[in-house]
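Shared between the two complexes below is chain A, which has chain B as its partner in the first and chain C in the second.
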Partner chain A sequence: MSTLAIDKGGPTRKVKYRSMSRDRTWALRWSYFFLVLFAIFSLVPPIYMLITSLKSSAEISAATNPWWVFHPTLANYVELLTSNQFLRFFWNSAVVSIVVVCVTMLISIPAAFALARMKFWGSTTLATGVFLTYLVPDSLLFIPLFKMLAAVQDITGITLLNRWYVLLFIYPTLTVPFCTWIMIGYFASIPKELDEAALIDGASWLQTLTRIFIPVALPGLIAATIFAFTVSWAQFLYPLVFTTSIDQLVLPVGITTTLIKGDVFNWGQIMTGALLGAAPPLIIYAFLMDYYIAGLTAGATKG
Partner chain B sequence: MAEVALRKVVKRYDEVEAVRGIDLDISDHEFIVLVGPSGCGKSTTLRMIAGLEDITDGDIMIGGDVVNDVPPKDRDIAMVFQNYALYPHMTVAENMSFGLRLKHYPKAEIKARVTEAARLLDITDLIDRKPKQLSGGQRQRVAMGRAIVRNPKVFLFDEPLSNLDAKLRVQMRIEIKKVHQKVRTTTVYVTHDQVEAMTLADRVVVMNKGRIEQIGTPNELYHKPATRFVAGFIGSPAMNFIPCRLEDVGGKLNIRLTDRISFPLPPARAARYSALPRAENLLLGIRPEHLTESHAHLEPGVETFDTVLDVTEPMGMETLVYFGLEGTPICGRVDPNAGAKDGGPMRLAMDLNNMHLLNEATGVVL
Partner chain C sequence: MAFFLTLPLILLIALFVLYPAFYSMHLATLNKSMQKFVGLSNFTFLFKRDTFWMVVRQSCIFALTAVFFKALMGFIVAHFVHNLPAKGQRKWRGMLLVPWVIPPAMSTLAWLWLFDPSYSAFNYTLSFFGVGPIPWLGDTFWARFSVILVNVWYGAPFFMIMYLAALKSVPDQLYEAAAIDGANWWQKIWHITLPMMRNIIAITTLFSLIVTFANFDIVRILTSGGPLDSTHLFATWAFQVGIQSSDIPLGACVSLFMVPILAVAAIFILRDVNKRGNEA
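Up next is the complex of A and B:
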């Protein structure tokens, strides 16, 4: 019997199928690899800040290993947290950010609701317009804004420039368009039948907004809140331009103007100030993240 | 509770006329079903009654009052949506009581009404759950509960069962009927499912292309359709339409289907159709259940013919047989034991006592 007889003429090339779980495992490995890489990339600066903030000025200027603290000290923290100036910056930032978040939400939520649901003449154009506003960079806007506010100050006699509260008028130009845009998206994803049901149940537009839309779109609302807070808290260019007196400064500008004297950089305190400044947004993220991720619309309609 | 009336109601979206002058009178306690293919204007009509769509022309009356410009909340109606539209952040009880709370009803009364509605719909155990913890059928019950607690003048249902699976749909259909028997609220129900329409309705309104084709009880529509559309839409499998013409053979009126097949009409039918012109192109409308296997003792008016079956579909209690008559596909219903086979010959009997004759050009049933 020859071996040829066994050959039935079928395809000889073997196709190798890999199992789904094997594919998945590899996908996960690659995901983790890049995630770890990304995590290291983003975590190195804050870790470096933390290390530096625990060093004394002497240790920083000494050419020792920059990634290790040989004589840890909390002196920078004590100094900043007992300095009225720093606390003043912190306070200014907090007040400005919180008020701006409130103002933004008060404007954005009704605006988004109107643009998403009350179809009126030009509503689509207006919605696009809102977004386009956001695309104009603030580095282009600060000069005309400065001119405008100066004019208002001249006409009304109310001091606006070089006052922290001027930021309450300026920051919303950044936060309102974007938050409105986010909220339009969230509101638009709420099934139309939900507001129709509310309408039939006897709810007014305002009641539909407050009792149905806001609770249902809470994750979106929180996303918008986080955004508005972060933008207000971290804004640098506008406060640098509009406020100059030490007692009117917010944290980011305050740290850089007071802790850099000429060409002398007080690195320990700069890093400490930046870390302390980063704390509030971090805390807010940590608290709101669960809400942010939760999909509250599940179960409204057939999934 | 109240009667609802539509007078020459028109809805126009820019160029498209979705509803073209509808007249409809719905009496108190009545269960009306609007049925038709998608795009026939049935949902638009319902939404106009609800006040969710403005009407372009005509009048809508609820309880004798013209409500054209009355907002939905003041029309005293309740609506059940296809996708339930439950408020996801509220419990079942909160969902049901939302309307009452907005109207500042006393707490005790709200509780009593919600409890009563929950009992009626058998959802008492679910009262503290959120919608996402409920199954499709349970959500649909809650949506109905939300309508019931308001004790409105009119219930509006917009394809409420379309999202449910077949078995649950049948079950919920019976539930809806039971609820209506208990609460007796005037109901307008929209569906594209003719079985749902037939089983639920006191009267069915068949709509097509923005117009009402026919209004009648389920039996009227089934046995006395007014147009080809209604005849073809109501009933499953659908009525067969066979091109035919009338001819006089030896003083008797015959109906000729093909060169080979011609049947004398039963006397009652012959009298009814005798005045029709003989040369006209007509359609013979015959339901599948009136095309059965032939047997020894045929009643008068039942005529037989031989054919070769294309396909058979055993359904258990009956077998559907499909064959062609000069290119026209035809469906019949035979006894499962009649020996119908795919591709096999069969002698079938056509019950002309239940035939319909239609004008081919106009689609009107003669």
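Up next is the complex of A and C:
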């Protein structure tokens, strides 16, 4: 009797197992099918940028199949990369972004260190305040900032409006709160024994920071740097409001305001410019994807 | 010592965030030439304008619809990616996150070109299916649809990444236990995945609500608020009124209307983030 029961049990289990694995294969097929659809949706605009950037104006206005390049040409790239105006935008963007990254790190690393390790009067309030500042959008502050800059300019006589360097003071308001916030998290996760040991060995606070905290929290530091760079590179509203002369513009504003002239849209060049403008963040992302994602997900968690 | 280390941070926030925020309230009570105190008459002036109410409505519709679809799409895509064998996940995740990496001002230009009235690549493709040329940006309904579409395209990857991280933190034993109890896939999602991800869904949604509500780039480049101001959000309308028409007090006034909604969302985020911190 008992052997019969086992014999009966064998096949049923086998059949059930096979059907589950068939379900699994189908689930996988459906996953791939929908993922391909979503990937097409995600990649159509950047790919279309690339397609258009390889076309001549004549081919674009001939309205042939928009998804195909019949006479590929690099003329748009050559024209933009030899145009002083475009290189100027690129240069302005690069200088602003790099300086802002440095300023951000100089402000947020010491602050995060202090907030993570030294309990002082108001430190928790300050940490909360930093997080709240991160939630303040640029579109809330651009009007009062514009008026402030105009007022300071009137009082001191220093030209601030329509100068790219004013962005160096404004961009950190967008980058510093977030970077400080995630650095607090990374610093707080370092075991206390580590810096206690350093203190016993006679290290100063500065040495503890540079010899222990920065090397140990390096992944967080890279994530914060990437964040600060991409935010400064992509920022559009502040430079649009604060700068107007051609030689003061950064890349996003430069492309949208100078390449779009009245009714004449030179789409080949606009797409080339947009693609070149998107290149630095994309390249960073391609090489440092894991840090990029770490920074992205760290923002919503405390530590 | 500690105070000294945080001093630059405090100065930055005080000078360029706190001060402008209060200055904005002061500006909102001045007249156009900014020489006379007019109390709340800027606000009452706005209340009497139809455009203002249209902006309020459009901002709410835009933010709520866009966030809803971003969350939904992010959730679905995250599930599909999570289903894949661990080896292939990286590649797909990398591809699907591209919209979030491109600066929005640049990618919106590509969309503007895809929506072009005479050369639209979408209309070219649709014409093969017998669907007539769609006035993507020329018609009120379609323009509102388009700005939401572009915002969903840009923001869904963020949700995808956050949910994917959350999905990975759900212990497999829970699903195994549910499978033994005979739960189907829907019951697994409803009784295990969603409750386990509740906190991260709340934080991501509220966070995205703030960013979407305050959005500027996409609408500015795609439609500049048109046709007939029907796609204006608070940010783009404040820009048009305050900077382009140089009525700074009125512009400040418009942007201040974002504060109540942002404040409510911020309070909830703070609560959830602190809760998360205590759990860990």
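The criterion applied here is as follows: the second predicted complex is superposed on the first by the 244 of 303 C-alpha atoms of A that agree within 3 Å, B and C clash if a C-alpha of one lies under 4 Å from a C-alpha of the other, contacts with A are read in each partner's own complex, and residues count from 1 in each chain.
Definition applied: a residue touches a chain if its C-beta (ideal position, glycine included) is under 8 Å from a C-beta of that chain, and two chains touch if they have at least 3 such contacts.
Here the structure is a predicted model, which means the values were calculated and not measured.
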Touching partner for A:216 - first (chain B), second (chain C), both, neither: first
Contacts of A:207 with chain B and chain C, given as first, second, both or neither: first
Partner with the higher number of touched chain A residues, chain C or chain B: C
Which superposed partner A:199 touches (first chain B, second chain C, both, neither): first
Touched partner set for A:282, first chain B, second chain C, both or neither: second
Contacts of A:237 with chain B and chain C, given as first, second, both or neither: second
Touched partner set for A:270, first chain B, second chain C, both or neither: second
First (chain B), second (chain C), both or neither touched by A:191: first
Contacts of A:38 with chain B and chain C, given as first, second, both or neither: second
Set of chain A residues, in rising order, touched by both chain B and chain C: 296-297, 299-302
Touch list for chain B against partner chain A, complex: 50-52, 71-73, 77-79, 81-89, 98-99, 102-103, 130-134, 136, 139, 146, 150, 163
Residues on chain C engaged by chain A in the complex (per definition of touch): 1-3, 5-6, 8-10, 12-13, 16-17, 19-21, 23-24, 27, 34, 73, 76-77, 80-81, 83-84, 90, 92-107, 109-111, 113-114, 116, 118-119, 121, 124-125, 153, 157-158, 161-162, 165, 200, 203-204, 207, 210-211, 214-217, 220-221, 234-235, 238-239, 242-243, 248, 251-252, 255-256, 258-259, 262, 265-266, 269-270, 273-274, 276-277, 280
Chain A residues touching chain C - in the complex, by the definition given at the top: 27-28, 30-32, 34-35, 38-39, 41-46, 48-49, 52, 60, 63, 65-67, 106-108, 110-111, 113-115, 118, 120, 123, 126, 128-133, 135-148, 169-170, 172-173, 176-177, 180, 205, 230, 233-234, 236-237, 240-241, 252-253, 255-256, 265, 267, 270-271, 274-275, 277-278, 281-282, 285-286, 289, 292-293, 296-297, 299-303
In the complex, chain A residues that touch chain B: 191, 193-194, 196-203, 207, 211-212, 215-216, 218, 296-302
